[in-house]
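There are two complexes below, and they share chain A, which is joined by chain B in the first and by chain C in the second.
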Partner chain A sequence: MSLKDIIAPFSVWKRALEKPYTNRKPIETRPGADRYRGFHQNAIDQCIGCGTCEEICQNNAIDLVPLEGKTSSHGDSGLRPKIDYGRCCWCALCVDICPTGSLGMSNEYIWITTDPEDFRFIPGGESKPWDDRAEGYRRAEGYDLLEAERVEMPMLSFEESQKSFIEMVQGYSKEQAMEEADRCVACGICIATCPAHMDVPAYIEAIRNDDMGEGLKIVYNANPLPASCGRVCSHACEYVCAMKHKGEAISIRWLKRYIIDQIYLGDYKEILKSADESNGKKIAVIGSGPGGLSAAYYLRLLGYEITVFDANEKAGGMLRYGIPEYRLPYEQVDKDVEYIRQLGVTINQDLKIGVDRDFKSLYDEYDAIFFSTGLKDPYGLEIAGEDLPGVQSGLDILDEVTKGKTPDIGKSVVVVGGGNVAMDAARTSRRYGAEVTILYRRREVDMPADEEEIHESQGEGCKLVTQAIPLRVEKGDSTRLKLFFGMAEMVDQGEGQRPKPVLIEGSEEVIECDSVITAIGQEADYSFIPEEIGKNLVFNRGMVQINEFRQTGDSKIFAGGDIANRKRDAISAIADGHSAAKGIDIYLTNFKEK
Partner chain B sequence: MTEFNELSRQFQISDLKEQRADLHFFHASKEHAVAVLTSLKEKYGYTHLVFFTVVDHLEKNEFHLTYMLHNYEKHHDMGVVVKIARENVQMESIHHLWPAAATYQQEIREMYGVEFPGSPGLYENFALEGWEDIPPMRRDFDTKEYSDKTYYPRPGRESHDPREYMKENLYPGEAETW
Partner chain C sequence: MVKEKENSKFPPLVDGKSQYDLTSGKYLRVWQGPQHPGITGNMSLELTICGDEIIDCKTHVGYLHRGFEKLMERRKYIQCFPVVCRICVPEPDFNEYLFAACTEELAGIQIPERAEWIRTLNLEMARLTSFLMWIGGQAGSFGMGTIGQWTVTLRDYMLDLFEELTGGRIYHMYMLPGGVRADFPPGWINKLLDTLKTVEKTLDDVELAMMHNAVFKMRAKGLGIITPDMVDKYGITGPNARAAGVARDIRKDSPYLVYDKLDFEIVTGTKSDAYGRCEVRIKEMYQSIDLIRQIVEKMPKEGPFFTKLPNVLHWRIPAGHTYKRAECTRGEYGFYVQSDGSDKPRRTYVRGPSYTHAVALMEHLAIRTNIADTAGLMVSLHTYPPEIER
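Now for the complex of A and B:
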């Protein structure tokens, strides 16, 4: 044993008066690093309750629960994530994937409570000390688990598109469709907003699985006109898409079109369910637009014998006669119609109820009637000179073109209106070589036409003049007509009301043109309904009043589509037809008078 | 790059990529990888094994082993990537070059199931004890299912499907599809 060994134990005494290295109690908390992954923060108004966080959580630590003060609305489920910190492993996948970017993590990691239940809470919904903490984990810039931009749709250039009626949107290839389908987070928030409540995530999944048959079945569950809808649907779904918060919405409409484009009409009957055996009951459907065809399809599936009566040469209603071919080729309308016909629905064309056959005889012969006759009579401008030759309605032009005639529009056209009919008439006129000006009395943001229609019409060279109110039409000098119009100012109408255009006194401008095409809306024609039956129906501002089953004041008569539905688009008419089919079935099964 | 050019005369290496001035990556064939690593260590001064890891490329049915080496004189890092098939996956051990590699290999075997014959302590538990499932870092391991199976749910938890919840609240009874 050396001397050192003996002295060594005493050497520690030299530290006896120094500050100890041990931590003091209470422990001084050290803040987490700036990007530390601590307790979650959720911007509760930014969150839409899509549940993508719940879906990705590998520990099942997240539940979606109702939160007081939040209700379901379009684009917001009203649910919010509640996290079980007994299971959370702080991996932050939920933060990385959150489509709205509402979810983050604070750098707080110390929190003491004696009740284990306290460790389950709704971040942002239940107040916590770290709610406003700036430090903590956020998704890093440029690091994305989701693709914000949609797969670009191959389209004809504007130079090309305005030369012909060839379909402008060319459709996705398989690779493109699968890539686009892959962007969907399958939250299902769009389903509530789709008037027909189509199961969008399910058919997008079918695309991911490359199972077109399954896709077709899912689509037909709620929409028997998908070849048309896949092209011209007003796609309300895309406006509420969770991915829209991150960038661009999923191309839901075009993915639906992709499914339909992959399957030949001849193969439909192998895939879709066939009609039930006939139950001997007969239903008359008046009008072969989307509402009528949808009702016919679903009623036929239930075994009813359906006869459709339609005044036009071909079925499809406004899909065929109101939408130009570059947006919806006629063979696509045919595809939808033909399958419904193949199921055994009889469609009588060129037969106008009230002229060729009276309504009363249908009423007596059939067990129930569904009518969806649409809005056919265009509103007039109600200004001087509107009966001059050269003033015509947008619908008439579109109708003529569908029938293969060349419309008499001349070299320059003014289209009055801001809806889809106005855009269609304008772009159709461009295709006949006319210079086109669109006059609209409100602002561009107020235009009821689809965004892309407005964009494409301008791309094709239509000039848009907003806040312009037509005053009178006169005979032109070098051109056929002169249209005088005044400028309007937007006058605020108070909260919740849209501003009203008011003519600025004394403002007057003139455009020389060969045609004035009016497209400011249209109204229904109910003259085919005889007085004795009509008196039972209730009309309000030109619309038939119906209940949730699309039943009118006469229990045997059901109605839907533009005449009964303020949304006035194909998909709403389809939904009406579907609901009416259900209503008619319930009515005929349960409430039929002896 | 000198090292790469010289080595490529002798060995199957490819895909040189300059990540930064002081960091390069290249690919080496499975057969030549250990010889390449030996050369880098003995001849080119890459004496330090910074780390050794694996990425599971399930879609390509490959594991990518990455050996990261450091040269203290040049202050340069070299990443050697070796692609190996996912089935019956085996790789030559490098514990004779760096004894610490045995620990990496022990971990990789446990987490990814890559075998390194002859590596000391290869089958000793690293982090998992009594693991019987497929190696947990493999991409085909279903973490969520394991979590469900292993950890019981806390009583009183319930969740809602957004689509069902919205249906109940926004359009009950309407247009159910049949």
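Now for the complex of A and C:
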């Protein structure tokens, strides 16, 4: 103890002269820091109600609830997060994980109300003073809990791909598939959009668990043609995937393919459910495209005896006779078809109803009929010179290739059209060494073909000319053709309407080529249906009218696929087949609540 | 401990236990706590006194048990992240760091170098902030409330910095598996350096007003002496041990983060009584300030601060177990995490240094001290009940 110890403590007095630290009256409210984690904000129209925020919240403070004025639509559940501030711990993990980036936090931390119920509300849905506050917590650049980019798919280079029919997409390895499957947030927003309502998150989870058997079962619950769909499905699911809001959608289609590629056909029987015992009822299915095969599969499972009739030599419909091998190898179609056959479905090929056997006899012999006969009559261009030799349809060329013939197209080809058939015809022509030009009447953004098809056709060297309207075809030197076309301008048609291509008067150009391939659409041929039965069916603009169970105007006849739905893709045909199977089962009063 | 005197008024000690007869009317049993909301009252002491001297002390914990270790068994790894900081209110960051480090080790994740520097900075800031609060308690328990007010204000300035960096004042939720959640906001480093100057200046004043204060010296010197031989026996770590001359500091003994790149010596004392422990802590505060300045100078100025994790919603950690430790203000803070290969930790065990200090050691040291000194003694052991109980 020293004198200093007595005197030193008095030094505290010097502080009496300093400015006090504390806030003084009037009380100043102090705003939270720029990153303060205060009350939530949600950009309500950007939010898709995926519920990922709810999933990560460790306090169960978030509940997805309906919000007035929001309805569910493709890619939006119509629900919005409601937060209970009695539970919220302000961790902001919900903000970090939100795939759309709609959720954030304001820097507001003071809010006084007398009703405790007020502390449960839908941010952004129920207006609050901090809704437009710029300050507050946002996920920082450089920190992310989700992976925005998909695992790159190994592909043949364009240089290689345009020389052969080898499948271009080579498929994921196990590591790649697991990594891609890991990206999924399992929100399930895709399920509602998939026409067949496949349980996507569940089969993706099976991949994460490396349980291929489980994956196969889940897939077959809603889709009996997965080897094909895993390659060529139009993947509506990927357009609504929550992760697409952040970057790239989960590679849903290719993950499905991965599951199927891991399992030998011979092992399917062990894994999948077998057909119920025969119930003695017989169903005829006309057409062995995706629609027919799907109906056959699900009906067979229910114990019906199924006979499929198809005019082609092999089953698969357009999957085999339309889609080229570099996108969908025949052996993959075989794998799908073979399993359905093994389940006990009889498939009669080379048998055209209306020619080799009449419809009426099926109608009399079977308990019900499902037909999914597809569209195979190509539309004409309706221009002069269309009947010259060398003008042919894309469908015919693709059909010939499947049948093992070399198409007679020459060295230069003009393909007219902007859909998938046009792309397939163009890229097939490239593989036979032709120079290819694609003419399309609207803009590139208007093309109905998949984005990747357009990209790949150009990568393989097909030239695309847009806003080009064919005018006439004339004979050129020797076997050459001259295709005259005019340029179009896009004329606005008012809100909600696609702009229309209108020919610019006086514009005219010409391309010389060896063949003109038309691919502007196709229609159905119902001539196999006799008048006495046909009169009970209702047709509208070439399509058969059906109810939700795919039942036509004749209660014994069901229909689906391209002739009955406007989506005109494989998965919609498959969904039709499945619904028709349920419909037929109900119709035949065999329906069991399971 | 007061030396045994001839004809002492105290009952005899046998094997360190006081032999008294409560019915004799000579002794009184009183409870301190658990009503007190601060450090000395979140647990309670059952004191037997003779006059105003304590002759027996039993500690009772359990009033603050929140079951964190159990809660974590039902939460995915990422969901444990907002939970762990709450284990120790005044010093949440060590929990964040250790849980993240265990998870990273089990998952085989290497975090970016810059994240390691930022984490170290964060932990030293936490140390300084926590000590500022401790001074408040220590000074206050000996009737020097003014000093407590100064340092609690400084703590608030530190919390301002945490708020600007992490988005939260108390529960920062900043260090998560993979790194840290955000980079420094613009101008923040300068503000940090300015604040350190203010803290340093006030610490000089604290030294004068507290460490050179006759009253404080009289009360703190000789109170609760920890001898070097008690250190291992009681599992004593941190400043409590270092004040007794035992040079143990995990930052030096098994360096983690970037401590091996920093220049510092272990602070030790010569006598671990309440006064000696204060001296060590105050030196460690200056040391923390120095370490923060070193970090700011030496750390990479740019670069990633977070490593991409697998999708945290399905993240499964390979089976295994690990124990990680760090030197917090009170000594060895440790996390044991065991994974059974699933997406949730199978078992998490938190070793808080306060457990040993506040229970067995306190029972021992309290005997024969004056009841008026109990609070001061407890604070001089620097115990935080929330981490005793988890």
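Everything that follows uses one rule, which is that the second predicted complex is superposed on the first by the 560 of 594 C-alpha atoms of A that agree within 3 Å, B and C clash if a C-alpha of one lies under 4 Å from a C-alpha of the other, contacts with A are read in each partner's own complex, and residues count from 1 in each chain.
The working rule: a residue touches a chain if its C-beta (ideal position, glycine included) is under 8 Å from a C-beta of that chain, and two chains touch if they have at least 3 such contacts.
These figures come from a predicted structure and were not determined experimentally.
Novice: So, does A:454 touch the first partner chain B, the second partner chain C, both, or neither?
Specialist: Once the two structures are laid over each other on A, A:454 reaches no partner at all.
Novice: For A:58, is the partner it touches chain B (first), chain C (second), both, or none of the two (neither)?
Specialist: Both chain B and chain C are touched by A:58.
Novice: Of the partners chain B and chain C, which touch A:582 in the superposed model: first, second, both, neither?
Specialist: So A:582 only meets chain B here.
Novice: Between chain B (first) and chain C (second), which does A:11 come into contact with in this model arrangement: first, second, both, or neither?
Specialist: second
Novice: Is A:90 contacted by the first partner chain B, the second partner chain C, both or neither?
Specialist: second
Novice: Thinking of the overlay built on chain A, is A:35 touched by chain B (first), by chain C (second), by both, or by neither?
Specialist: Touch status of A:35: second partner only.
Novice: If I apply the document's touch criterion, which positions on chain A are contacted by chain B in one structure and by chain C in the other?
Specialist: 58
Novice: Within their complex, state which residues of chain C touch chain A.
Specialist: 75-76, 78-83, 146-147, 150, 153, 160, 163-168, 171, 173, 179-183, 185, 205, 208-210, 212-215, 217-218, 304-306, 308-314
Novice: Would you tell me which residues of chain B are touching chain A in their complex?
Specialist: 143-144, 147-148, 151, 153-154, 156-163, 165-167, 169-171, 173-178
Novice: If we count contacts the way the header does, which residues on chain A are in touch with chain B in the complex?
Specialist: Residue list for chain A touching chain B: 49-51, 54, 57-60, 62-66, 71-74, 77-79, 84, 86-87, 117, 120, 187-189, 191-192, 196-197, 199, 201, 221-222, 548, 575, 578-579, 582.
Novice: In the complex of these two chains, what residues of chain A are touching chain C?
Specialist: It comes out as residues 1, 4-6, 8-9, 11-12, 15, 21-22, 32-37, 52, 55-56, 58, 89-93, 96-97, 105, 137, 140, 142-147, 182-186, 205, 208.
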